[in-house]
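Some structures are shown below for you to check.
Both of the next two complexes hold chain A, though its partner changes from chain B to chain C.
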Partner chain A sequence: MIEALWDGLILVFSWPAIGYMSIGVLFGLFMGFTPGIGGPVTLALVLPFSFNMDEVSAIAFLIGTHSVVNNGGSVTAILFGVPGSGPNAATLIDGFPLAQKGEAGRAIGAALAASALGGLFGTVVLACLIPILRPIVLVFGPPEFFMLAILGVVFLATLSGDNPLKGVLAGLLGLLISLIGEELIVGTKRYTFDIIYLWDGIKLVPSVIGLFAIAEMVDLLLKGGSIAKPDKERELSGPWTGVVDVFRHWDILVRSSILGVVIGIIPGLGGDVACFLAYGQAAQTAKKGEVEYGKGNICGVIAPEAASNAKEGGALVPTIAFGIPGSGSMAILLGALLIVGVTPGANLLNEQLDLTFTMVWTLAIANLSAAVIILMLANPLSKLTFFDGSVLAPVIISVCFIGAYMTTNSTGDIIVAIVLGIIGFMMKRLNFSRAAMLLGLVLGRIVEQNLFLSIRIFGAGFIYRPIAMGLVVIALLVMGWSFLKPVLQRRNEKAA
Partner chain B sequence: MKRLSLVLVSILIVGGIILGSQTPALSQDAAAFYKGKTVTFIVPYSAGGGYDFYARFMAPHLEKYTGCTIVIKNKPGGGGVVGANLVYRAKPDGRTIGILNMTGSIPAQIAGAKGIDFDLKKFIWMARLNDEPQVFVVGAKSQYTSWNDVLQSKETIKLASTGTVGSTYLDLLVLKLVYDIKHFDIVTGFSGTSDADLSVIRGELVGTASSVSSKIKKIEAGDFKPLLVIADEKVKGLENVPLIYDFPMSTEGKKIADTYIGIMNVSRAMMMTPGAPADRVAFMREAFKKTLTDPDLVQKAEKMDRPVSWLSGEKVLQFIERSFTEAPPLFVNELKQTMK
Partner chain C sequence: MKRAEEIGFAVFLVIIFAMFVILGWGYAERPRIVPLTLSIPGLALSVLHLGNSIVKAKRTARKEHPVPAQKADEKPVGDQQPAVSTETRKILEIWIWIIALALGINFLGFMITIPVFLVAFLRFFAKRSWKISTLIAASFTLAVYLVFYVGLRTTL
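Our next item is the complex of A and B:
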């Protein structure tokens, strides 16, 4: 085991693998900065180049490229409110407000450190779980998916600070929007008005771009000034403060990583859900006196970033161990591994263990080098937020439209971004939680689909399955607490 | 430095021209037309998916044989309808090609589904990418050990399926109609075949069906028992599994089986905008033939469990026309109900 660990490290640093990995990291970062392009698309683009490489180079190149796309995407999410891809959407809920406070550097630092540590944590947990992985994958069925999603819905109430009802309303709006499109069960087209674009539902990335980036830019243009208000005191808060923040909030890091790993190893829930659930649980456990979530709380950046990377580590293991890809990217990677002659299965955990560790090391090293590159760029990049809005906003709005259009290459994407931009602007002015709405949008379909499947398969008694029941209890506790907490706090304040 | 790069670039261009000109001139005019031009390859599904993979996999070879630059455009939406409409309505100059899932599109057009502006019988078909024989499987621990067990079962058999427009649902629906099985209960709503598969592996549902290439690894690993192959000839790796025609069926049932197997013979195929000049069509068809019969490409594809089996564009059209004329009313009505 130790020998394989060491051999794997040597393989990563062997020539030409290390060269290919560097190219991959640079390309992955570039694609991450480009809005609307996520991990699966990037992997699909570089895949043909790997066909003629040896197996170690191919692994270093593909995993190196893929593992840093997300890092690039979180930078644009924080600076301008434009997410690179779905998983970055949760990061911008608090990341962008931090940039507005002039703390873009700190947010970027925290995002990078959280994703690197989350990824590392995910890998370690999975290494320990390998012997019992198969039963774990098989214990989660539709009833458990349904309850996990319900748990996410329950977090809605907490996302609106002191006014849970407003959070619930915003969440319901998101749930309603998620109903648009052709549903999976009998193929009924709902609210599609004979427009083919709407058959596939409202996509996450154009929605986030509208709700946040466009709404904020319109707001900025109306108010004048720059994204960040120059503030002598805060100019000092560079990326390293963010890195330190991650260690200060280690409890959130650990919880979010565990959540990410769990969702990663059970195929079927999707990556976006991991980030939003992690965000929800972080907001749920906010302590008194913390900055409100959605208004620039650093934990709101740490949680989704940790979960996002922990999940990718998680998705890797079922892919190599069983050949069941845990995510869209992993399905592509699986194909590439087969072509260079690496067959997923038990032998990757026995005879070819050094190759498996090569993958783990590549993940770690690629993440680390991406972090170093971005940390060097973070300060100059965050200066952009001090540019005058009248110069910056038109540029960013154009980038927003390109990013939205990249989703399905259809004008429908741009219309969605504009309509949700208007809704987002109104919600901002009326102080409704846009995060809650996004959570509703992400979870709506999953709740519906898994409720239906659960009832069809198990009947109404599905809820009595042990894990599902456990999740019901947690959901009830969370719900009770979120309505009780404000009452208790008020009473305490009166007493004091 | 500038001069050096200029020299390098001209070497590359000259080299490219020389390499390009090695393509045997099937039709001088068409070859001259395509040289240096861009051809748009519309993939009506998302980037990173199976069809996108095939398009990107074929593109470098197509470029080599035609001298043009292939630009892949992902136009997902409506289960392929958006992209197929675009290919159909493009300028008929032979510079727009596309790829389509026929197992979904043919039944959709037969049923007269909404949103379809194209006519599959009017597309100019380039080639078949592959045929996808389907297989019906049950969980490893299932009480059913043969297709006869399934047919004669007194209990309701619950089966896992993706949405009603997916090929999994069609497979199960066709089996139900062909043998007139009353005790099938098809549970729809899984996001993809791998989610449906996991449900069967977990033992929640009895069985499912989908393409052999997506099931073969799990059959070999012992997660599934294959009970019936939906094809008219034996499939590699599943030689001991009976075929759909091995069991008694009514005349109407046989017609449905014939239609469906006809459709599956052209599971995935590439097409060009109707009305393109004949010499360009012939030139492009030849390029597809060379690409898909290239031993290196075929071998790589096989390794990835993404099979390739070329068939000429003319044959593809024949299969399509046959499935439209042969589809029995019972099947058409059932499809209309499903795809309303």
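Our next item is the complex of A and C:
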């Protein structure tokens, strides 16, 4: 295995693989900057270029591109409140308020460091897990998926701040909107009003663009001025302060990375869940005296970023070991591997172990490269937040519409972005949690599908499976704590 | 204005959840389980939220404008605020620009609508000069063309 590890490293640095990886990293970062063009869309765009490459170059190019897209999306989420894709919306919750305080550099530094270290963590876990993959992947079934999704729904309570009622309403609305379209088991078309576009449901990308990007741009145009309105008396901290913050909050980094890897390993749950779960668990463990989550707490940036890149290593596990893609991006990657002659499965874990480690090393090196590149650009990029919003906003809105349209090449996606933009704008003005609504949108179908599968396969007693039961206990503890915490805080304040 | 927005949005939520309940009831047994499980509590909570908003609005209104005792033949003083505030007008204007952009994209395509939108918006909303507006619009359109049409070989 050590020999395969070393051979994999040599393969990554060989020519032309290292050249293709570098191109992939730059391209992935650029695509990440564009809202809506992240993850699967980026991979689908570059896939044809890999057909004529040898297997090592194709792996380096595709994984190099894919693994850094989220980094680019995080930068726009922090700078402009425009998430590049679903996972970046979790970073936006605290990242954008930091930019509004003039601390965009610090937020970017923290995001990149957390992302790089989380990615490294995921890579190490991937390398260590290779010998023992099969039992881990097979232990998760529909009951466990269902309970993980419910756990994500329970975390809604932590995203609703002072007004749980508004948070729950936002989450319920998101869950219901996710059910629009063709029902998965019987095929009934629900809430479609005979509109063909709605048969496929409401897509996540235009929803994210509308709820966050367009709503923020309208708010910026309304308020006038620039995005950043720093407190003049406070000295602004730069990206290296953010990097130091990640090491200071190493416990959040480790917990979020573990969560990201575990969620990534489970096929079908998706990366968005990992980021929001990580954010939720960080918010649950907020210490007294810290900046409130949602108002510019640096841990609110560290947690989702660490989980976001850690899950990439985890998501490769079922893809290369069993040919079971963990997400849309992995499905495209799997297709690409098959085209260039790499067959996932036992071969990749035995005779072609060096290729597997090529993927591992590519992940690690691409993440580090992206972090270094963006850190060098962090200061000039953060100056964009001081531009006049009335010039920046129309450009960003145009980019958002391009990103929304590129989801399915349909103007229906632009309409969805506008409608959800109006709703998102009102939610922002009235302190409803848009993150809770987005989480509901992401989890609704997962909850329904896995509930019915669980009942069909295991009967009503599916909840008694050990891991599912463990997740029930965690969900109850989280719920109980979110109600108990304010009561204890008030009691402590009265006693003080 | 904020009170009216709170109540308006609360009414909107009640209508939306009611719609999910009423339409959901018409589906077969399996497809309606999860929608009704979510929408019925949602409707109840949204009605509760509407009630809260109305009570809060009345309480705030009483604190801001305590009603003086009136004589029987005195006419009540009318509301002094303009029918549509400046902020509301600005919000509507911004959304009209955005909807116009979407309509333009639908009927004329990206490559015509985006430069026209940017020039018009920067000139008439952001009050920039024709030179700056045209420069920004042209640069951005060129960037879109180079990235998507030349680089990615896709059409918008």
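Quick note on the criterion: the second predicted complex is superposed on the first by the 486 of 496 C-alpha atoms of A that agree within 3 Å, B and C clash if a C-alpha of one lies under 4 Å from a C-alpha of the other, contacts with A are read in each partner's own complex, and residues count from 1 in each chain.
Here, a contact is a pair of C-beta atoms (placed from the backbone, for glycine too) under 8 Å apart; a residue touches a chain by one contact, two chains touch by 3 or more.
Treat the numbers as computed from the prediction; the structure is a model and nothing was measured.
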Overlaying the two complexes on chain A, which is it for chain B and chain C: clash or fit?
-> fit
Touched partner set for A:F452, first chain B, second chain C, both or neither | both
Now for A:V395: first (chain B), second (chain C), both, or neither, which partner does it touch?
-> second
Please work out whether A:E144 is in contact with chain B alone, chain C alone, both, or neither, and reply first, second, both or neither.
-> neither
So, does A:V186 touch the first partner chain B, the second partner chain C, both, or neither?
-> both
Using centres of C-alpha atoms, tell me the angle at chain A that chain B and chain C span after the overlay, to the nearest 10°.
-> 90
Can A:D94 be said to touch chain B (first), chain C (second), both, or neither?
-> neither
Please work out whether A:D200 is in contact with chain B alone, chain C alone, both, or neither, and reply first, second, both or neither.
-> first
After lining up the shared chain so the two structures overlap, which partner does A:F51 touch, if you call chain B first and chain C second: first, second, both or neither?
-> first
Return first, second, both or neither, reflecting whether A:L222 touches chain B, chain C, both chains, or no partner chain.
-> second
First (chain B), second (chain C), both or neither: which does A:D272 touch?
-> neither
Please work out how little space separates the C-alpha atoms of chain B and chain C at their nearest point after superposition, in whole Å.
-> 6
Shared chain A surface residues [contacts with chain B and with chain C] = 45, 185-186, 452
Give every residue of chain B touching chain A within the complex, in rising order.
-> 46-48, 52-53, 56-57, 60, 73-79, 81-82, 114-115, 158, 162-165, 187-191, 194-195, 198-199, 201-202, 204-205, 217, 221, 300, 303-306, 338-340
Provide the residue numbers of chain C that touch chain A in the complex, in ascending order.
-> 2, 5-6, 9, 12-13, 16-17, 20, 23-24, 27-28, 30-31, 34-35, 38-39, 41-42, 45-46, 48-49, 52, 87, 90-91, 94-95, 97-99, 101-102, 105-106, 110, 114, 117-118, 121-122, 125-126, 128, 136, 140, 144, 148, 152, 154, 156
Which part of chain A faces chain C closely enough to touch in the complex?
-> 45, 165-166, 168-169, 172-173, 175-176, 179, 183, 185-186, 188, 190-191, 214, 218, 221-222, 388, 390-391, 394-395, 397-398, 401-402, 405-406, 411, 414-415, 418, 421-422, 426, 429-430, 447-448, 451-452
Report the residues of chain A in contact with chain B in the complex, numbered from low to high.
-> 40-41, 43-45, 47-48, 51, 137-138, 141-142, 182, 184-187, 189, 194, 196-197, 199-200, 267-268, 323-325, 328-329, 332, 335, 338-339, 341, 345, 408-410, 412, 449, 452-453, 456-458
